[in-house]
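Below is one structure; the comments refer to it alone.
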C-alpha cells in the first residue's frame, strides 16, 4: 500500500500499487533515441514539461496505478463512465450489502442556483432545514435497508431485494488506470463543476498521485489542468 | 426509428439508427481484394460464416447501432460496464427524476440456490410471500420518492436529494455501439447467468438487431454465441 | 457514397456511410429532458456551441462515419495509432501488392529546420536536387517492387517477399470512427506539426465531414480546433 | 528489468516492469468479500481456474506489463493493431533509422499452400532458391538504405527520405499492456495462423510472462488458449 485517504464517514481511496515513475515518461518519449536516462535530470524535466504543454500525451500512459475505492453509488456511477481503465466492483447480486450509506454533513446540504449550463450550489444557511434534510436522508436510507434485510430474511434473492437500496449506499471497487486517463478523470472530477461529493474523492486521488509523481502533476497544474 | 420493444412496465429498447449492412462486413473483410460486392451472394454468406466461426472479428465493427434505452438503474449499471460503446444518460444532478420504479412481476420474485460460481434462481411458489415481497418493494420505493419530492419542495438541490432514490428507479440513455461490442454484450447479458431483468432487455436488443442482420445473427447462434 | 476526394497521385479518401446528424448531438446531450428536437433550432445550435466550448464531448460520439482510404504506408501507420476506431486493411500476407508508391511532387521535396520540439520543413529550392531526389525515391521503390515480383514469380510466399517493399507503397483500409475520435484525429493530423503528406489526407477527411455537419465543424474551429 | 529474450538477428523483447501478481487477480475478483487474501492458497488457485474457464475476464486487467520491443516493421504493424494497450515507438520523422533489417534464416524462406481461409506455409527445400531469395532480400534492403543515406547526406528531410525504407527494417517501441489484452494478443499471434516471424516474438512475450505468473498461464493453456 502506497497511501490511503479516508473520505467522508465511510469512504476511502487507497493507492495499492503503481508501475513506473517520472523517468519512464522520459524514456518512453525518447524511445527513438539511443540511450535511456537512469536519473531524472533538468533536461528530462524540461522534456516532461514540453510533453505536457504540447499535449504529447501517449508517454503518460506508461505509468499505471491501482486503487481500492469505497464511495457512495452515485459517485461510483460517475467514476465508471471513464471508460479507459479497469473496474472490479462489489456485486449486489451475490453479496449482502453492508448497511453504510451517505448522509451529507451539515455544510454539504445545499441548494442550486444559476441557469442551465451554469448551475452552482450553495450551503443552506437555515439550520433547521439542514437538520431536517439530514434527518430525512438518513431515515429514508435506514428504512430502505430495513426493507432489504427483511426481504433477505424471508429468503428473497439478494439480486431482487437490492431493488429498494438507495443510490447513497456505499460500494467498493478496484480501479486500474494509466496516468493519462487518470489526469482526464481529474480534469472533470476535481473541477468546480463536479458534484462536491465526487470531487472530494478526486482530490484524494490527486493527493495520492501527487506524492508519487510531483513534477508531472506540477506541470499539469502549470498548464491549466486540461485533458491530455 | 427502426424498431421498438417495450420491456416490463416502464422500460423500452428503441433501435433509432443503424449504419451498414451484412454486405459491408464482406467488403470490410475483403478490403484486400480489387472489387467490392454489391449484392450478398452465397459466397459472401460463406465468408461471413467463416469470419464468425474463426473469430476474425474486426470486420464486424463496421456495423454501428444507436439505441434509446429506458431501464432500472441496476440494469443500466451493468450495461455501462461494457466500455466499448458510447453512452449519454439522463442526469439526476439537474433533472427531476420521474417517479417510475421497478416492481418485479409475481413470477420474477425469486430465491437463490446453488453454490458460489453456480448460483441459480427459482420463482417463489408461496403466493403470500410473493405478494408481500412485491408490496414491500413497491412501498419502499414509493416512500423513497416521497422523501425525494419533499426535499425538492423545500429547495434542496436535486443532486443532494437523489441520494435517497432506489436503484430500482428508471433511467434513460442513448447507446451507440458497433456490432462486435454488441455481440459481446449479448454473450454475457442474454445468457442464463445474467440477472433475469437485464436479460429481458438483452433479448429485446437481440430481437431488434436480428431483424436487421438475420444471417450474421444466425451464424453467431450456430457457432455457440461466443464473444468475438 | 457521400463524397470522394483524391489525394496525390494514387491516394483517396471516400466517405462511404454516416450515421446521425447535428440534431442527434442535441438529442443525445438532452437525453435527460422529456421531448426530442425534430428540427435544428437556434437554441439547439447554441447547445452544440456550448458543448464544444466546454468540452462536454460524449454527445459527439453519437455520429459515426465510415471511410475508405488509400494512402502510403507511412501515413497509414500514423493513422492507425488513433486507437478509438475500427480498421480493416489490405493484407500483404495473402494479397499481391499493386505497384503504386509515393513519390513527392517537386514542392514536397523538403529539408528540416529548427530544434527538437520545434522542427519545421521548407521546400528545397535547388531544382536539380529536387529532381535528383524524386528520381532516387522513384527508382529505389521501383527496384524494390522488381525484387518483390521476381520473388513471387519464383514461388516465394507473399508474406516473405513483402519484406523488401518500401513504406512509400500504397495500402488501402476501411475506417469506422465516431465524430469525437475523428475530431481528435484532425486536431493532430490537420495541424502544422503533422507530416505534410498525412495532413493532405486529414484535410480531405475534414472537407468531407464539413459538408455533412457544417455547424459542428464551425464551432470546433471557433473554439480553437482542440482535442475534445 | 525482469527478463530479456533476443529474437532473430536484431530483435528483442524485454520485460521492463510489471504491476501486480496472481494474488491480485483473486483480490480483484473477490472485491465483494470482506477480507483479502495475502497468500495464494489452493482455494485461490481454484478461483483463478474458474475465472479463466468461464471467461470472467475483467480481474485479469489488474496485472499490467511494460515491454521494450525491437522488431521488423511488418511485425510492429501487426502488433499495433491490438488497440487495448499503449505504444511509444521510435519516430522515423526525426530520427535517422539504424541500418538493421530482417533477412529470413534459410528455414524461414517459405512458400504458401492451401486455399483462402486455410493457407499454410512450408520451408522451401531447394537450397539454391533459398540462397537466392535471401540474397535478394538482403540486397534490396541494403540498396534502399543506401538511397536513404545518400538522400540524408544531400540534406533531404528524414521524413521524406524514409519513403524508400523497406518494411523489413527494425523499429523499436515501448508497449504497456494489461494481462487480459496480452492474452488476447497471444491467442492470435502465438498461433499457427500467425506469420512465423511475429509468432517468434509472441513466443518470447509468452515465455517472459509465464515466468512471472505461471499458474494463470497454465490455466489459460488448459482451457484452450482462447481470447478472454
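All chains are identified by letter, namely A, B, C and D, in their written order; residue positions are counted from 1 within each chain.
Just so we're on the same page, a contact is a pair of C-beta atoms (placed from the backbone, for glycine too) under 8 Å apart; a residue touches a chain by one contact, two chains touch by 3 or more.
Bear in mind that the values here come from a model prediction, so they are computed numbers and not experimental data.
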Quiz item: Common contacts of chain B and chain C?
Solution: A, D
Practice problem: Note whether the interface between chain C and chain D is symmetric in residue numbering, meaning over half of all numbers used appear on both sides, and answer same or different. | Solution: same
Exercise. Could you please state the distance in Å, as a whole number, between where the Cα atoms of chain B are centred and where those of chain D are centred?
Key: 35
Quiz prompt | chain A-chain B separation of Cα centroids, rounded to whole Å | solution = 26
Practice problem: Check each residue of chain B and list the ones that touch at least two other chains. | Solution: 87, 94
Exercise. Using the touch definition up top, name the residues of chain C that touch chain B in the complex.
Key: 17-20, 24, 27-29, 31-33, 58-59, 61-62, 64, 66, 68, 86-91, 94-95, 172-174, 176, 178
Quiz item: Mind pulling up the chain A residues that touch chain C in the complex?
Solution: 50, 54-55, 117, 227
Practice problem: Name, in rising order, each residue of chain A that touches chain B in their complex. | Solution: 72-74, 77, 80-81, 83-84, 87, 92-94, 101-104, 108-112, 116, 119, 121, 124, 129, 132-133, 136-137, 139-141, 143-144, 147, 150-151, 154-168, 195
